[in-house]
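Next, two complexes with chain A in common: one pairs it with chain B, the other with chain C.
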Partner chain A sequence: MNLPQPSPPSRGPSFYEATARQRVNRLLDAQSFTEFLPPQGAHSSPHLALLGLPGALDDGVVIGSGTLGGKPVLIIAQEGQFLGGAVGEMHGAKIVGLLQRAVRDKPLAVLFLVDSGGVRLHEANAGLIALSEIMRAVLDTRAAGIPVFALIGGVCGAFGGMGIVSRLCSAILMSEQGRLALSGPEVIETVAGVEEFDSRDRALVWRVTGGKHRYLMGDCLALVEDDVEDFRQTTLALLAHWEETAPELHTLRAEQERLSQRCTQFCGLRDGLEVWAALGVPNPQQIPLLERDALVTLRQGLSL
Partner chain B sequence: MDQLTFQFPAQPCKPSAKASLCGVVSSGNLEVLITQGAQPNGCEVSIHTSAQGFAPIWQAVLADFAAHHALGGTAITINDMGATPAVVTLRLGQAFRDYCGGAQ
Partner chain C sequence: MTLFPLLDTLFPAGHEATVTQQVVTGTALTASGPVALLGTVDAAAISHAIALRLAGQVLHLVEHHPGRPLVLLVDTQGQALSRAQELLCLNGSLAHLARCIDLARRRGHVSLSLITGEAVSGGFLSFGLMADRVYALQSAQVRVMDLKAMARVTKIPHERLVALAASSPTFAPGAENYHRMGAIEALWDTPSSELLEQALAQLRTEPSAGDSRLQQGRMRGGRQEAAAIVAAVLTA
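For the complex of A and B:
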């Protein structure tokens, strides 16, 4: 029996599979990246050593400067493979320092490659304080007129405090593989029981936190392929016409109103499938199987 | 966590980079940083590993790598989270190749 062989889509290196350093080097213009506080200076966590855990030389985050399409940008990339990309004291201080530098140096944008489960519990209060400082620094950077883009497509997604940080950014770019939420699936299951949420049901996890769901809900501005080059091209396209405007009270109130209505509208629904049906998607079961382009077309057809 | 240090005699190498880093500290993986060391005819290795009691294995794996590569004049820093000897050798090879500019 001769089955037609589907031709694999021609894609570049996967964003999901890459390490933080590989993502940075492939996202920016070739050879343009300069790392701040490189690993040979060793800024690893003092807390982990006390707990008898090996630290990472960069404490799980790469920061630096480079160019994108010839324009200067600053960049942050969390390493999701090291302790789930979790934010500790040193990790957070590096991010805050970079954002403060952005306010001073006025780059075209800050690119924040988020890949984190949130706070690093080993560092407790120091990690929580670091997260709150990151939130403030993101808003300060935006208030100075510099856009901060969150790029989400790594192994850990963006959860906990890093979910909040992502939503504070000027815009979010996500791949289907990316996930964005507050409490992670395993946290919800631990607190509220498996009847509330089965964290081992991977398809369910993606239907309620994954990139496609976030795109349909309007939580991310752009849905991109799991390809570093597609993240790069989409970032370039968005930045070409971007105007960072300071948030005003009436726009924030309107957004609050929109989210409150959403909360009422979807209250009681237990699965992405039910939410998509409520959004007016004709055949919700097809969503997980759709290619990126088809999903973008579908969303444009919805009256959202 | 075990902290180990080793020294091996080795032929001097010709670095083309100031430092090279390979790998990530995650389960079954490790990061290897190679920088310039103090002894032109020796290599110093400093290890933090989450796996306790494997000093003889580290000694054997590193001695084997040092015997096959001109590591003289390097300092190697390793943060390990339970990598197997094969993965350790692989990361050492990647980092050393970067350090020497792909010449080896």
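For the complex of A and C:
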């Protein structure tokens, strides 16, 4: 006889598939979001217009304030579906302004929903300078005692300068679908050849840049389901006990030691499978198939 | 100009610098005391190894020479492009380097960068652009991507980009564009110890001025939107 099958766990809306505005509205307390510089009354990038390209009135990023569990937060959400969430002059300035506002207004935290390939090439210089300003502004915000959390799980991941910015944040929360790296696989393939990095090998790309790999290596703090509600609950849980500490020599010394040691330990490896084996994972080839909870349990058993 | 003749010109009172696998480290004397030298040569591709060596030097400086100014010598083609580098989260090591320079600033070390060769993308972001002020030799090449590659990726004809670059500093390579947009303080036609001493003296008089690139970019007419948007967000 057939036993009744347990129903699959109920899932909320996918973070990966949602737009920036949907993510913001579902992540924050209901009806609490107020957008700064909303599309009404805004103008789109003059630089894109000069190149004959259609712009967006929000320039691909949504910023504003709201509450999370009743506490005030500021929020940034990049729109990966507009020019790859890439950073141009206006896009970058909105983020810098939001971070400066955080230093002034002292919210509980800044939530940075990263979904970006990095510099917007159509505004390359403006984008690079803006990324540098965002880096400094994130560090200023943290130095003012306000944590900045990077939430990564969108279509474009966090690449280029946005990969650096993400690692400057207080913590990274990432879904399995999220990707975090510096150069995109396509760039490496173009410059170094398909043997170096086959950007169409989706499984390989995830084994090198994806959420599970970054979590196993300690490059993101939390691995969450591809579900806006899980991003919300994990953020709430982390913030409940978070103490943002000032930058200190001894913490950077410890990070220097961690990074140096791991470069020695994993030198020359080229696939997540090899790194996971070296970490002591019993069946590395099973990692891509594991559910989130099982992977978290597995990592807790590793001596990292 | 190659590194050592340049250092002789900038620091006639003396300098002690060594280059090991593309990383420059050392100390130089100025009228106002010793400065730390740190940087890369031969358009280094910034890897984990290079980023961590640079970061280690900055931490050593903060620990053992409190307050000593930092002169960053920038010559990078960008980040190292390889799968093995990305596997170990290259953006993480570059972020660590940026945090170390930021720590030095917060501990009272003024810093200036001098672009001696190339300054490109991630390698520039995590190092040269983290200094209080950036200067460039006239011959410096500053870019994200050259216009031909940009044309390929954006699918905008190369001739069109070249024509537009004449009037807009926003996307085309060139140190002058970065000056107009506020990220480079000045281009040095003929480098000299006087220029360097002046730059250091200026930094010492305004040590906590913060990030003024938005305002500079607006004053010089190269970035018309950004400062107004930041102001609008602060009053929204």
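Some points to look at:
Here is the rule we use: the second predicted complex is superposed on the first by the 294 of 304 C-alpha atoms of A that agree within 3 Å, B and C clash if a C-alpha of one lies under 4 Å from a C-alpha of the other, contacts with A are read in each partner's own complex, and residues count from 1 in each chain.
In the analysis below, a contact is a pair of C-beta atoms (placed from the backbone, for glycine too) under 8 Å apart; a residue touches a chain by one contact, two chains touch by 3 or more.
If you're wondering where the values come from, they're calculated on a predicted model, not measured in any experiment.
With both structures placed on the common chain, the touch criterion links A:G154 to neither chain B nor chain C. In the superposition on chain A, A:G117 makes contact with neither chain B nor chain C. In the superposition on chain A, A:T19 makes contact with chain B only, while chain C stays out of contact range. In the superposition on chain A, contact of A:D219 is made with chain C only, not with chain B.
Once the two complexes are laid over each other on the shared chain, residue contacts for A:G272 go to chain C alone; chain B is not touched. Put chain B and chain C next to each other and count what each touches on chain A; the higher total goes to C. In the superposition on chain A, contact is made by A:A56 with chain B only, not with chain C.
Of the two partner chains placed by the overlay, neither chain B nor chain C lies in contact with A:P284.
Contact with chain C, but none with chain B, is seen for A:K94 once the two complexes are overlaid on the shared chain. On chain A, the patch touched by chain B and the patch touched by chain C overlap at residues 52. Within the complex formed with chain C, the chain A residues making contact are 36-37, 45-47, 50-52, 63, 89-90, 92-94, 96-98, 100-101, 104, 119, 121-133, 135-137, 139-140, 143, 158, 160-161, 163-168, 180-183, 185, 187-188, 191-192, 196-197, 208-209, 213-214, 217, 219, 247-249, 252-253, 255-256, 259-260, 262-263, 266, 268-272, 275. Contacts from chain B toward chain A in the complex involve residues 1, 18-19, 21, 24-26, 29, 31, 33, 35, 48-50, 77, 79-81.
Partner chain B is touched in their complex by these residues of chain A: 19, 21, 38-40, 42, 44, 49, 52-57, 79, 81-82.
Across the interface of their complex, chain A is touched by residues 48-49, 52, 55-56, 59, 62-63, 79, 81-96, 98-100, 102-103, 106, 121-122, 124-126, 129-130, 143-145, 150, 153-154, 156, 160, 164, 168-172, 177-178, 181-183, 211, 213-214, 217, 223, 225-227, 229-234, 236 of chain C.
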